[in-house]
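Down below are the structures I want you to see.
Shared between the two complexes below is chain A, which has chain B as its partner in the first and chain C in the second.
Right after this comes the complex of A and B.
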């Protein structure tokens, strides 16, 4: 621009200026005096415009090079005459030997004072220099813009500010070098004392942070060369590497010390503090450029280096933190580990193994706990005993009740464990996904290792729906149901669970032991979790219940319209029509174990009539259907009258007593027998069996319920022992009395209790049969679609398809394949090792 | 640097031409000129008094310069701004002043960093 103005355009004003070529010297003199004033801090009376114009004119006259050199020379001279001596004074022998040789014996305080004095001197010199150079550069702005830029020289500022680097930092001033025979530059001392100060601060001393910050920003303003390349700040090229090295050493030592002298908890807090300190140090004392690098140092030296050693510490390591719920420790640990390891391997593995260990411990405790007394299982289970008999609080629980207690205990413990780790996960682990999946996997592992988990979960739900729900708010119910779903999620063999749940649900529905809407809620949740096919049977059961209730109403209307008073007077019928496929086998009375299960028991004539009447009614609209009476699943309310006992004038026995007795269908049949009996007569067990054709085992339970349990002892047994034998005889208990009008005969050994080992094997066997069919179906489905597959491919496809129902065993799949080969659903592909082709 | 200067803190500065005309301009508007920016930081007379004298720029030209300062200040962030009207007869002198005031180029990085 200036050139163009010079060559092409001659403003009038410039013409007369131009002819006086000797104007350089006066201008320079003006400038030189100004430079001196600036250095001596007397710039207040100078006119910027005048000085700027002076340099402007020199440049316009093409004397820029001369001006540039003059200024540089002036500054160098000034520097060596005025500044270097000041610094040289600071560099005492004492300081040099202190900084470089580090002789022992000087107190930190002494060292700190000396270091800070030195640094202060450097800083002051720098600030003067920097300020002067800025002002000078401003005056010579036009020079920089034109001449310097064109000649590709460093700007006047860079050239003069660099003097500080060349003549001070990279120089050994004073006589210390020769006297101590020590080869050094000021920079060495500067770094050494700065690092010393930082270490002092790390050890808890108070130092002048601002001073250090001034020094580091000086180093950030200076570059290796006058070109001022951004990456070559002296701070980055010289100071920072030394600082990092020094810090590494410091933290390495510190880590070793911590490992020896402290516990993991101290270590965590200390490390966290150090990280914060270093961050703060970068913000206030050094440079934010170093923040990440120094964090890396602390991370690698204090965290990564001995992580496993700290985690394994007895009594304070990770295990202790988990076991004692040291939430704060764990939070810090998580934060620290996330810094160094994104996959958090060490934390993950320990967590997993701890979950597994605690899970197996639950199982172990379960095995070792004696559930035979109510006290061992807590108050809740006390009710269990109460059911067995009022006065028998300390009496041993029945085997089934023990199992229920065990199941509930197991579920509770597992949920507790789960809660514990969920809590850790939420509070300490920032809801980390990696850790969540790891822990979930461990949970599934130990839950599925326990072979009764499916049954226990179902039992837990059963127990809660039957008893727990009462008196709870919706929200509390929700919590229980959610818990159940959580466990369900972990179960692998869902088909097993389905089987158990079906059985338990059937029992609950038929006996009206739970609230329907809660039941539906539960099933709805399962549906959401596992899909439609899983709950199809359950929903079918609900439907049956609804249809049945309508049917019952209609039947009643029907009877009333018939006006068959005799029929409606004898008994009211409450009917449940159950669709075969939805309901479990044993509830449906098709338990193959039971001998002669098919043979119907003999109903009393009154009941027989009722049945026939219902049959007629039912088949009127639905011809061709088959109804089977499932006598083992029903209950009956009997109104009974106990006449007053002659000779008793006082007490309840002196009056006539009316009770409503709720017994099983079998119980009702048996009691009806006694209606026909004359007073004083008795029936033997065998006689009853013969007259009723009730299966022996069912009859035993029935008799026990009405002749042993004190609450409902309407029959007297001879001999009066606590168990039923085939040789016992029974008679009407005329002395029966009860405080309540409505009496429920206790169900002895209800189906919803935990199975015995024998039964469980049965269930598993049945389950395996079902699985076989399911696998068959899956194989055929897959082959039909793919036509040809290798054995491995087929196996893995089957496993994927069935994943959300159960985990099929490889051997079972193999067996099914072989079976299908025999049945010619598919054939081996010739010439290929284990590949199959689908046969349509 | 500007912080330890004694310049008045007024948001306006006074520019004085060779023939004694005074222009009071928004300080921020003048900052487009690195030269004036340099004047107003630091500790010299201009910075202290907030008054910049230009003995080699005439009132006519300085008026145009000040007009440009405002023009720049108003339009610095806008797009598609109409050109400023410059009488042909003043072109050379304005060009000269612009060169002097450093209006020909973007401010160097160092000054940007330090500019207040």
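Right after this comes the complex of A and C.
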């Protein structure tokens, strides 16, 4: 302990309970003098302990009521003698008429000075009063804790602070009221000048924010009654409603003006600035209690009220913002709309309709664009155009190639559109989920409205995977594949896509047009996106390719071990064994009515021997399998020798020329016929057809490839027209020469292109057949599990199950159900309207 | 607040804090406030006093008051402020407890004031460190204390050397005056414990007078403790001192009477045992 007191303790003075009356007056006198000192700011010598003790003693003697009343009386007297006159002086006729009648002709500056002078007077009086009341409440704390609390009276502080409300704010001091014949209370003037000041600030003037803040915090400290109910702060009950009304009016006018004089962009920025200003005003000048309410006012008056008018503005409205990528405008717009509408309806609808419109525009542009020159396409080689056969100029593209180019253009444009909106979404819309799903829906809608989207997407991938070999970096390919997947997500008829992709993939694989790891990567992505069943066939195709390559190696070893030199010298066999179900029907030669004829295609004897040898080898370990030769899908490398032309001493014709010619299997069969011909002899188209039994259409294409395309014209056609006719004759072209050793005869079948209308109809027919089976399977699966279902339930379950693959037509489902009823997979439930039961 | 760590760790940390508070109190270091009462001077800390007592808070906060300006609070020795009670209150604010200390009787010149010494006991009880307070006999200057012969030591540690009820009554009164609710509760608790043994003593009669004069009628806790004691030991009503008090102190008489009536009602309705 700090200091040792001496050990003697004086006896404590014992209070006498019975001396109550005589003790009160001295204590009160002490307190009364203190109150006066406090009011006159002479409190420096007051001892809290003494004053507290005095009030404690009074309470102990049970004179709390007397003290309470005395203090109240004292304060009221003091208030009317000292405070009210001070305020009365401030309330001049000029001020009152200025504040309430708002006569024209006074400058803002004058008004501001007068208002601020009045508010300063109020504030100073309030601060004196408030400080004194606080101090008095401190001294009388024990009275408040005991007597006041028990008698349920307002605390001393509440009772005295309320004087300011009763005698000043709710009063009209001075003579202005009678002189101006104007009924008012001081609160009216206080509010009017405060609001006037705020409006001045909104118009760009500088005002005394601190002063206003003092005034509003005074209003926050005062209540309607001495009970001081939290919701009844004068700020909330009187001032704030007036402020909100005033602001509504102000912003209503401002919005009208903006609509007439400005554009949407200005409106956006202006509104944003106003919102920030109001927030700041609440922080610095008024009260944070009002922050949300005033924001609501600005939101409803400046944003909601005329939102659609601003958005519809020509040249600056929402459409212009989207079309011109006005990112900043859109960001602000998004923020503003988010404030007033959680579902962002106006923004959402316009975005959706814009996506739709722009999407359909792509289709429209496609129809109006001329793809007949390669420059419009880029990347497609002229040679491919040439074999269309019906075009006179080499540089123009065949109709099919044009279609292909259009497909790629379509996908590119759709992706660009998607990029554009994705960018808006990321940069401006804060990755809003509502907007995302709305835009996604619109994308899906227009993509699926276009009936060739499935085919086009597959073609796009085809094009990129083939071009991937031609110098794109892996990262670039990666980006493209990602985009393709995005498009895939939007496709509804995924089974159609699957069909096309299978077809295109088959061609790429068989002709080695793409890189296996990129292909696998793509399929892996699809698998992740759409599930195993979707990619099962594709993976089967990959497997076939791998197995085939091993098989080829083994067969080669086998031949070597046999030592059949003759066989291995004549030809080398590269075999692809394709599992029927994995590969598309047209590659497998299952498409045409001429199937029978195809099987009977006549091979040259050397090739026949090779085939038989392979059959023997293959079936040794795999007895029972059926191998069919698909001659339409293969190619052959032929080493050919053109002897020197007699009489030519210079140039390449003077030498013997050796070339490696790559042709289709049919091409090989045809060319080998000419090996047996004597010089000068020729074969007619019909003779060739008869000798080979190649289907006419295939033969026509084959002949075009080796007798028309200048690069590989090893046969001479008579007459030398650009198309093949059944009456044409062909002979060996002894004068053939080429700059390269390896020559690839262009083959039409190796090109993935858009289907013709006829082809497409067939594809759809095939697809519909497949869909019927898939629906059958789904129905049976569902019924097996559920045993009994109503028609509607069953239909909706089928749609749900198949949603990932395609959107089945209701009529088709109905037809399948009827079919299954006939086939007795299920039966109608008797007595119930359209309900079915599964039959095991 | 949540504590992490084991119980032992908590005890240790708690001891550390209590030890440092004890040091602050003993040495008065960093003191920014002086409390005086009679001849006693305490160098204390606003942070500790003002945060626990509204009285100190008000006295120190408003710079218009002399106390806030000078940093000195001078208590006049007059009801309800008693120097010993002030001393124990200061002790309480730093130790969460106050030591046993009999109140000097009015008119006695007391020598050899006992000095409390707190010993942090490491045995824990309900997770809290318990502070045992033992009283060291302080010999008068120049006279040595033979501990073995000292009466107080012979009675054994922890046992009250003499009745302490008036002290508790005074501590209670000042706790009410200074608005320290925890101290009020503690004083009543101590009082109720001790009155079990010391109900028939001058100390009790003195405490009774103090309770009924130092606090207002509506401050019930200590008055209830007195009335309960009288009610539990109704032979007290036979004692001259109590009779005298009842005759002269209407509030006390009223309380006792009401209490007897309450018991009677409870007994009639058969709820008495349950109530007890």
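Operating definition for what follows: the second predicted complex is superposed on the first by the 787 of 840 C-alpha atoms of A that agree within 3 Å, B and C clash if a C-alpha of one lies under 4 Å from a C-alpha of the other, contacts with A are read in each partner's own complex, and residues count from 1 in each chain.
Keep in mind that, in the parts below, a residue touches a chain if its C-beta (ideal position, glycine included) is under 8 Å from a C-beta of that chain, and two chains touch if they have at least 3 such contacts.
Since we're looking at a predicted model, the values are computed, not measured.
Between chain B and chain C, more residues of chain A are touched by C. Contacts of A:366 after superposition on the shared chain: neither chain B nor chain C is touched. In the superposed model, A:312 makes contact with neither chain B nor chain C. Of the two partner chains placed around the shared chain by superposition, chain C is the only one that A:59 touches, whereas chain B remains out of contact.
Of the two partner chains, neither chain B nor chain C is touched by A:645. Touch criterion met: A:150 reaches chain C, while chain B stays clear of it.
According to the touch criterion, the shared surface of chain A, contacted by chain B in one complex and chain C in the other, consists of residues 1-2, 5, 9, 11, 13-14, 43-49, 52-53, 56, 134-135, 138, 141-142, 145. Looking at the complex, you find that chain A touches chain C at residues 1-3, 5-15, 17, 38, 43-50, 52-53, 56, 59-60, 62, 134-135, 138, 141-142, 145-146, 150.
Chain B makes touch with chain A in their complex at residues 1, 6, 34-35, 38-39, 41-48, 52-56, 92-93, 95-96, 99-100, 102, 104-105, 108, 110-111, 114. Every residue of chain C that touches chain A in the complex is listed here, in rising order: 25-26, 28, 31, 38-43, 54-55, 58-59, 62, 64-69, 73-80, 82-84, 104, 106-107, 109-113, 177, 179, 213-218, 249.
Residues of chain A that touch chain B in their complex: 1-2, 5, 9, 11, 13-14, 43-49, 51-53, 56, 131, 134-135, 137-139, 141-142, 144-145, 155, 157.
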